[in-house]
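Here chain A shows up in two complexes: once beside chain B, once beside chain C.
And now, the complex of A and B:
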């Protein structure tokens, strides 16, 4: 779910950069308004490492394979720190492994950043439920919903930027196949969020109070 | 009697023109072609991916489009325009570019493949370096926090 260089038209790449810059400015603004903006940095650094490494973990979903993207976990764990963390992680992935690209860094940050912020909103409003089953459902919805939203954004942006010389039917079929391959990933990431939040709830509940 | 049948036949053949020709010839020869094989970085083959070949003088409109076969392969013969030909392979938002340089004599073809994959050791070291940097950052900002009262 990382769009590389040379796939999107210039307008979409620039638009992606503009929206990503706006979201990052908003996030940094909210972080700066916190009583101790540095307090969240250790966790943001650790989650950036997890996000960076996760994209190399491929899960075979015949006929292709998908990799972990973790937007739900980033949003639920980091709150406003999620967007800068995702931006840094994506930049490292683009430069080191060619996952995504620098011209499409903005677009990719929007594809994963918006679901992360949505996950943050969901956990902030519903993350205080104490009943175990209800908490598990919220956690699952956060992780799975964020992946589905990211896939929807990815597909919509690709279809919007499809050049006229391509066989649109074949490309639509390929995008549909890729989106379907991400359904098991959504289940997996939903369970990851349930497991991580459940673990934190038992060991250090103060850590999951999203800011 | 016989000529009454043959004469209209000859006339009909003459009027029918080229469509009446049933002989065919195939000219054959060998040429220098460019063969590509596209893979994802997981090693999986890009089967049925769309290939666009761009001539040196027109990077906007493809000179040739096609599709890779089940083994991710595609073969084409570049035209005689000298310069750098670009080949893009893409499928569902993933893709890569490769370049082919055609010399002025039309025969000399040099191929510049897109970035080759990294070995697992390289990947592991890169991931470990970045993760270690993140751990260092985390520890640094942890130390900066005011000591909590015992």
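And now, the complex of A and C:
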């Protein structure tokens, strides 16, 4: 779900950087307003490393396997720290593995950062539910919803940015294929996030920042 | 091994961003051809081994190929060849070629300018360019944790496989619990490391920034030359 360099036109790449910079500034502003802005740093760094390493966690989804992306979990656990954390994780992935891109760093941060912030909002408003089933539904919506939103943003930006026009049929086919290809990931990530949040709620509830 | 085009990490980042965004704006065949020549020139200038470049390109290259391979068959009206149900179209082929060339060129720039730079130096350069302190601290701490976390993850995944016995659905729960345990364990360590850093004076007011030395004159000239190169390519693209 990372757009590489060379695909998007300059305007879209610069726009992505501008939006990512704006969202990062907003996040830093909200973090600075907290009683101890540095208190969340260790957790944010640890989650950034987890986000970076998430691509190593493969879950078999027949006939293939998927790897975790974790925007929903980042939002639920980091709150306003999520977007800076995603930005750093993406920058490391781009420089170390060539995964994603440099000119598209802003766009990629928006693709994963906005769903993370949406997951933060969802957890902040509904994360306090104590009933097990309700908590599982909220956790699933956090994990799966964030992935689906990221896929929607990815598809929209990619199709808007391609330098050649696809005909309407090909465009519909591409969107359908992208959605279907990522549906197993959304389901898998939803179930994994339910398990992670359930575990943390029982053992260390303070780690779910937005509850 | 020839010398790096620019030695100061801050100017390397500046040159990289300027050229990368310049390259991403090119579409005309003449400008793309000049971009390829310029990229090859930079590879030669920096002495970057071709083998290292190709090895780094392998994985991201597959991703880009997967994205652009459909374009020549689905985009455009001007059919230049037909093989069975597949029709090769000029517009799509041109778009796919442009994307591939720009991707390879920008990726090569990353390898040339920051590929051999330790990440801690790169973070220092970004701090020198004005990156907010919180982001710098987060990046440094992340760097500190990546290897630990990968090591722990590999160990816990092995243990999970050895325990075995998970059904298909149970595997999601087991993976979630594995991840949660990993996060709990890493979180405690992360807190300890950060507090130890603060005790050693990290982030203290008045601490001198490293790498604040003056920029070598040759670096300034090299950066100016690379900015001029990016501007020239944009002009060629505009005129073509």
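Following the convention adopted for this analysis, the second predicted complex is superposed on the first by the 185 of 211 C-alpha atoms of A that agree within 3 Å, B and C clash if a C-alpha of one lies under 4 Å from a C-alpha of the other, contacts with A are read in each partner's own complex, and residues count from 1 in each chain.
One rule holds in what follows: a residue touches a chain if its C-beta (ideal position, glycine included) is under 8 Å from a C-beta of that chain, and two chains touch if they have at least 3 such contacts.
All of these numbers come straight from a predicted model, not from anything done at the bench.
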| item | value |
| --- | --- |
| First (chain B), second (chain C), both or neither touched by A:10 | second |
| Contacts of A:154 with chain B and chain C, given as first, second, both or neither | first |
| Touching partner for A:52 - first (chain B), second (chain C), both, neither | both |
| Dominant contact partner of chain A by residue count, chain C or chain B | C |
| Contacts of A:94 with chain B and chain C, given as first, second, both or neither | second |
| Which of chain B and chain C A:41 touches, first, second, both or neither | both |
| Touched partner set for A:133, first chain B, second chain C, both or neither | neither |
| Which of chain B and chain C A:203 touches, first, second, both or neither | second |
| Partner chain(s) touched by A:192 [first = chain B, second = chain C, both, neither] | second |
| Set intersection of chain A contacts, chain C complex versus chain B complex | 4, 6-7, 38, 41-43, 45-46, 48-49, 52-53, 56, 92, 96-99, 158, 165-167, 170, 174 |
| Complex interface listing, chain A residues touching chain C | 2, 4-10, 13-14, 24, 28, 31, 37-38, 41-50, 52-53, 56-57, 59-60, 68, 77, 81, 84-85, 87-89, 91-92, 94-99, 101-103, 158, 162-167, 170, 174, 188, 191-196, 198-200, 203-204, 207 |
| Touching residues (chain side chain A, partner chain B) in the complex | 1, 3-4, 6-7, 36, 38-39, 41-43, 45-46, 48-49, 52-53, 56, 58, 64-65, 92, 96-99, 154, 158, 165-167, 170-171, 174-175, 177-178 |
| Chain A contact footprint on chain C (complex, rising order) | 16-17, 20-21, 23-25, 27, 56-57, 59-60, 63-64, 67-68, 70-71, 74-76, 91-92, 94-95, 98-107, 109-110, 114-115, 119, 122, 132, 134-135, 137-139, 141-146, 148-150, 153-154, 157, 168-169, 171-177, 179-184, 186-187, 189-191, 193-194, 203 |
| Chain A-facing residues of chain B, complex | 40-42, 44, 48-50, 52, 61-62, 65, 67, 88, 90-97, 115, 118, 123, 126-127, 130-131, 134-135, 137-139, 141-142, 144-145 |
